[in-house]
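Just dropping this structure here.
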Amino acid sequence: MAGNSFGSTFRITSFGESHGEAVGVVIDGCPPGIEISVEEIQAEIDRRRTGQSDLTTPRAEKDIIHILSGYFESRTTGTPVALVAYNEDVRSEDYLNMKDKYRPSHADFTYDAKYGFRDWRGSGRASARETLARVAAGAIAQKYLKQQGIEVVSSVQSVGDIEAELDVENMTRSDVEANEVRCADQEKAQEMATLIREVRDDDDSIGGVIQTVVRGVPAGIGDPVFDKLEADLAKAMLSINATKGFEIGSGFSGTKMRGSQHNDEFTEENGKIKVVSNNAGGVIGGISSGADVVFRTAFKPVSTIGKKQNTVTTEGELTELEAEGRHDPCVLPRAVPIVDAMTAIVIMDHILRQKTIS
Amino acid sequence: MAGNSFGSTFRITSFGESHGEAVGVVIDGCPPGIEISVEEIQAEIDRRRTGQSDLTTPRAEKDIIHILSGYFESRTTGTPVALVAYNEDVRSEDYLNMKDKYRPSHADFTYDAKYGFRDWRGSGRASARETLARVAAGAIAQKYLKQQGIEVVSSVQSVGDIEAELDVENMTRSDVEANEVRCADQEKAQEMATLIREVRDDDDSIGGVIQTVVRGVPAGIGDPVFDKLEADLAKAMLSINATKGFEIGSGFSGTKMRGSQHNDEFTEENGKIKVVSNNAGGVIGGISSGADVVFRTAFKPVSTIGKKQNTVTTEGELTELEAEGRHDPCVLPRAVPIVDAMTAIVIMDHILRQKTIS
Amino acid sequence: MAGNSFGSTFRITSFGESHGEAVGVVIDGCPPGIEISVEEIQAEIDRRRTGQSDLTTPRAEKDIIHILSGYFESRTTGTPVALVAYNEDVRSEDYLNMKDKYRPSHADFTYDAKYGFRDWRGSGRASARETLARVAAGAIAQKYLKQQGIEVVSSVQSVGDIEAELDVENMTRSDVEANEVRCADQEKAQEMATLIREVRDDDDSIGGVIQTVVRGVPAGIGDPVFDKLEADLAKAMLSINATKGFEIGSGFSGTKMRGSQHNDEFTEENGKIKVVSNNAGGVIGGISSGADVVFRTAFKPVSTIGKKQNTVTTEGELTELEAEGRHDPCVLPRAVPIVDAMTAIVIMDHILRQKTIS
Amino acid sequence: MAGNSFGSTFRITSFGESHGEAVGVVIDGCPPGIEISVEEIQAEIDRRRTGQSDLTTPRAEKDIIHILSGYFESRTTGTPVALVAYNEDVRSEDYLNMKDKYRPSHADFTYDAKYGFRDWRGSGRASARETLARVAAGAIAQKYLKQQGIEVVSSVQSVGDIEAELDVENMTRSDVEANEVRCADQEKAQEMATLIREVRDDDDSIGGVIQTVVRGVPAGIGDPVFDKLEADLAKAMLSINATKGFEIGSGFSGTKMRGSQHNDEFTEENGKIKVVSNNAGGVIGGISSGADVVFRTAFKPVSTIGKKQNTVTTEGELTELEAEGRHDPCVLPRAVPIVDAMTAIVIMDHILRQKTIS
C-alpha cells in the first residue's frame, strides 16, 4: 500500500512531480452541495505561490488551478473532485548538476534507495511543489468548515531565534496576511523578515515554528484509540516537507508540570460544560473538548542551499556541491497555507466520520 | 470509519475496556513463520504491568496473555493472530464517585460528548490498559525486526525538570531495564525515582519525555507523501495515552539552526553511502536513510490525581473531586515498552510495505 | 494488506481456526446505543450451528458466544465490539490422515502454496467454522437494520436439480425456519431433504442456490463507482466458503432480454417515485432504488467427502483419500444464516456511509 | 468513505464525468521500473473507444490519454501515476430532454436520491465513459503481468440467445480482436453482429455474457477470508456498468453436481502438483491453485434506448420518454477491454500483496 492518500472519509490522493506535466489531487468523499468558486480555491493556491515577495524563491509559477471533475453549477456533486495545476515555469537544466550528486539532507538519496531511480528534475516528487495539491483540497475543506462556523488560523511563531508573541485566542487570518512573513505579531514579523534576508544573502537557510489554532470545533470529534484527533494532526503535520516536530497544547513544556497545574478544570457556562484553562490544546483522550485546538509544528531549515557542501555522487564518490536552482531561504511564510490546509482536511474528515456514529 | 486499527500491511486492531471482560488485539498481515513463544510476548507485557515497583499503581493485574489464533507449532501461520488478556483485578467500585463527575483533563467528558454515554468503570476504553494490546502486538513485531537485525531501544529522557544524558547511539535495553524508572542514565534515574516518589506522596503526578532509537533500519522505507516514516511514527506516538508532542532528529531545536549547520553531509564508508551527522534523525523526505532513527515523545502528567480539584458533574453542576482508584504518579516507566511496541509496529509495517515495490 | 477485514464504516475483522483456541470477530465502527442481548446474538449463531438435524455434520459444537468488549448495560458503546466462541468439541485426530494428503478441491493445497505451511487441524482457517464470526457480527447488523425497518430474508432456492418456487416478495424468516432445509417453499423443502439424505448416505455431497431479499432499504445507498451496492454484495457472497456465483435481479437470465423488456419503468405512488418491475434487483447504477434488493448465491457441493478419490500427498506423490472427519453433505441449510449475516453487514455499512454525505 | 478507489496495494482512484472536463485515474502503489509507452496505454483505450464499428455508439471521442505524473524516461517511477483523457466530442444538448425525466433502469434517479442533485450531462458520473479510467490503469497492469508470464483474455460468450463455443484454454487476444463483436468464436460472432444490428435498428438493446481466462497465475495468491481472489474478481466485475452477475469455474451449473463429480483431483506433473480438471475455475478457498482462472460476467441490455417508455419526471409526474443521445445497442464488444482491465488490476494487486508475506 502506497502512501499518497490521506484521510478516511474526506480522502485526498495527491499526484505529480515538480517538473512533470502537472501536480494535482483527487478528493473522494467530498460531500455534495458545497458551493465554492474556482477563484476561492485559487486564492489559497496564491498564498502558497512562489515569488510573492523577496523572501521566497523567484521561481515564478502561475499555478493556475483547474477543476476537472465532481463539480457542476458552482457546487461539488459528491463524486470525486479532481484539481490540477499544470507545470509551467520549469527549468530542469538547473538541476543537471545535482542529477548525479546527492544534496545533503535532501531526499535525492533516499528516493534512489527506495525506488531504484528517480525523476531528478526539480526534486521530482520530493519537491514542496507537491503541497500545492494539499492546499487545493484544503481550500474546499476550509470552505466547508467555515459554513459550520469553524476557522483555522496559522501564524509563524518563530524564525530561528526570533520568537513572536502570539495572541492565539484572537489572532486572525488578516493579522497573518498583513506581512510577508505571515506572522500575526507585526513587530516580530519585521525582525523575522530581516533575518530571512540575511540568511538568503548568505546562501543559507533557516527554520522556524508555526502555531495553529482551530476555533469552533464541536466537542466529540476524533477516533480513539489510533485515530485520535491529535494523532491525525501530528501525522498531517509531519507529512509536510521539512517538518521535524509537533506538539499540542502544553506540548514538551507540559512534561515539566505537575498534574495539579496541568489539569484543565471543568466549569459550566450558559448550560454548557467547558474548560477553564486549555493545556490540553482542545483535545482530551483523542477527542475534541470544544475548546480551541492549538498546536505547533517545527520546520527545519531548507536543505537546498547555495553554500558549498561536502557530499557524494550517486556512485558514492566524494565530491562538493553548490546547489543551483531557485529555493526559499525559509519555508515558513509559504508553509502557513499548507498547515492551514492539512489542518482543515483533518478536521473536516473527523467531522464527517462523526456523522456515522451519531 | 472508526479508529481502532493501525498500520496498513502489518495491521493491528485493538479492543477492550479496562473493566470489561478483556483487552486484546488482532493482527492481520502478520507474515507466516515467525517463531515466537507465548513467554516472549508475556515478557513484554510484564514490562508494562502495574505493580512492578512502588513508582507505579498498585493495581496488581497479572495480565496473562493468551494466543487465540494464527499460531501453530510455535510459529505464526499468516492468518490473523488474536491475543487477549482477561481482566481480573477489577475494582469498579473505586470509580463510583467519578461516574457522575468529570475528572479534569480526563476523557470522561469527551467520551460522553462523542458517544452519548460511556462505560465509566476504570476509565473504560480511555484507560491506558488498552495499550496492553499494543505491547502484545509489538512483541511480535520486535521479534520479527530482531531477525532482520533491527532493534528498538527507548529510554526515559526526562521526568519533570530532571534531564538524563543519554548515549543514544549506544544505550541498550539492559541499560534501560537496570532501574525502575527505565532511564539508561543510571544516575539521573535515581533522581527521577526520588522525584516521582515525592510527587506520589503529594497525591500529584508528573510528566516527562521518552527518547527512542531504532538501529539497523535499512535505507528506503517510508511512503511519501503522506505515510512518511516520521509521519507514521508521529501518529503512533500521539495515539498513546497522555502524549502531547513528538520530534524527530533535531526536532524543535533544529528550527533555530541554519541549513549549513543542520544539513547532514553524505560520505562513503566501505562502499556504502552514509551520513556524517544525523540531524535528520534517520529519515530524509519521509524515507529512512540507513542512519539510526531517533525521536522523542512528550508525556504530560497523568490527569487522575488524589488532590482535590474543581470540576462539574455530568449534569454540569459545579463540584469538587478527589480521585480514588489506583493510578501511576508518572507514566513514563511503564510507557517505555508501549513506545517500543508502537515503534516496532510502524517499522515492521513499512518494511513489509517496501516489499511490494521492490 | 491481509484480507480478514470487511466493510469500511461498519468494519469487521475475523480471526480463528477450526481447532485453535477460538474463533471470533472485532467490529469497529459499530454505532453506540444499539440495544441487543447476548441471547439475540446466540440465536443467530444457533442457526448456523452443527448438529441441528441429521442433514448437517454431527460435530456437536455448542458455540457459546461471548461479548468481550464494547458493550455496557445491554448496549453497544461505540468502541470495538469483540465477540468470541471458544472451540470445544475438537477432534483433531480425525484430520491426521489428511495432514499429508491434499483433499481434492479443498484449500489444503492452496494454503500451503500461499503460506508455506498450515494448521491442518480441522481445515484450520479454511474451515467454514470461520463464518461463525460473520454470523455473530451480522446479528448486531440485523438488529440495527430491524430498528430502521429493514429486514433480510434468505431462503434455499435450489438443491441440486430441485428448484423451489419462492414468493420472494412475501417470504418470511418463519417460512424459512419452518423446515430443516431452510427453504421457504415447504413442499420442495421435503424433496430437498430427501435428496440431501440420499447424497449423505452415498458419502457424497451436493450444491445449491440461496436467494435473498432485503426489504426496506431506502433509495440512495451504495457508493459508485467501485463500491456499488451490488459489487459489495457480490464480494460478500463470494467470500463465503464454497460459493461460485452471484447474480442480482435478472442476473444471467437478463442477458437474454431486450432493453425494452428489461427496463423497469418508473411510476409514482403516494408522492413517491418507484419502479413498476424490478429486473434491476433493487440497485440501479450501484445505488439502491428503494425497491427490494434481490439476489442469488451459488454454492458448489462440499469438497470433503467420504468417497474414495485420487489425489497427491504434500510431497506430490500419487495417492488415494477417503476423508474422515464430520462434514455436511450439503452446506445450504447452514449457509442461510451466513448469507443473511453478510448481507446485513453490507447494507448496514452502506447506510452508515451514506450519513457522511447527507 | 466514498467508493472511487479500488485495490489495496495497486490502488486506483477514478474520477470524471462524461461531459465534464476530463476522466482519469490515479494509480498509487504502481511499482517503479515498469517500461511502458503512452502508445501501449492508448492501444487499450482504443479497444474501448466508441465509433469502432457500426455496432457501437457513433459518439466519436478520440480519447487521447495523457500521463501527468509518476513516469520518467519511459518507465513508471513508483510515485502516483495520473492518467487523464479530456472530454471533447461533448453534445450535452442531447441530454436536455432527459434532464428532467428519469430514464427507466438508469442511474439518473438513484444519483438524485443519493446526492440530492446530479450532473445530468451525458449521464455524468454514471456514464460508462468512466470505465476509460479503468482501461488506462489496466493497460499498465496488463503490461506488468505480461512480464511475469501472465495473460488475460476475455471474449464475448453470448449475446442474447446466441451462445459461442469458446475454447477457453486456447483462445487468444487475436482471436477476440478478429471481429467487431470481440468473440473468439468467429462463426457465432457473425450471428451476434447480425443480432446486434437488428436490435439497433429496432431502437432497442441486448445483453450478453463475457468469459475470461487468466493464464499463468502462480499458485498462492488471494487473501482469505474476505479478499479471496474470486471475491475481489466478483466485486471488480459487478462494479462495471450494466453487470448483473458473476460466476467462477462451474458457477451456477456446478450447484447441480455431486462433490464426487465436481471435485478436481490433484495429480503431479514434472514435480509440480496440479489439478486434473478445473471446476474450481483456478481458485480454491480463495487462493489461486496455479490452474487457469476462468470466470463469466453477465451484462444486462443497455437501459438507454430510443423506444418510447413510460417514466416519471424528476418531480414525480407521469410522462413518456424516447431517449436521444448516442448509445450502444449492446455493450459487450466494448466491455471486453474493461473486463480485461479490471481483471488485470485484481490479479496484479494480489501478486503485489503476496510479496508482503513471502
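Some notes on this structure:
Chains here go by letter, A, B, C and D, matching the order in which they are written, and residues are numbered from 1 within each.
The rule is simple: contacts are C-beta pairs under 8 Å (C-beta built on N, C-alpha and C of every residue); 3 or more make two chains touch, one makes a residue touch a chain.
Keep in mind that what you see is a predicted model, and the values were worked out from it rather than measured.
Two chain pairs are in question, B-D and A-B; the one with more C-beta pairs in contact is A-B. Comparing the centres of all chains, each the average of its CA atoms, the largest separation from chain B belongs to D. Note: centroid distance chain B to chain C, computed from Cα atoms, is 39 Å.
Taking each chain's centre as the average of its CA atoms, chain B and chain D sit 46 Å apart. Separating the CA-averaged centres of chain A and chain B is a span of 26 Å.
Chain B has residues 1-5, 8-9, 14, 29, 32, 78-79, 114-116, 125, 224, 353, 356-358 in contact with two or more other chains. Residues of chain B touching chain A in their complex: 1-6, 8-9, 14, 102, 104-107, 109-111, 113-116, 125-126, 130, 158, 160-161, 199, 202, 204-209, 219-228, 230-239, 241, 243-252, 254-268, 271-273, 275-276, 279-281, 283-290, 298-305, 307, 309-312, 316-318, 353-354, 356-358. By the touch criterion stated above, chain C contacts chain A in their complex at residues 1, 9, 29, 31-32, 78-79, 224, 352-353, 355-358. Listed in rising order, the residues of chain D touching chain A in the complex are 1-5, 8-9, 11, 13-17, 20-24, 26, 28-30, 32-33, 66-72, 75, 77-82, 84, 114-119, 121, 124-125.
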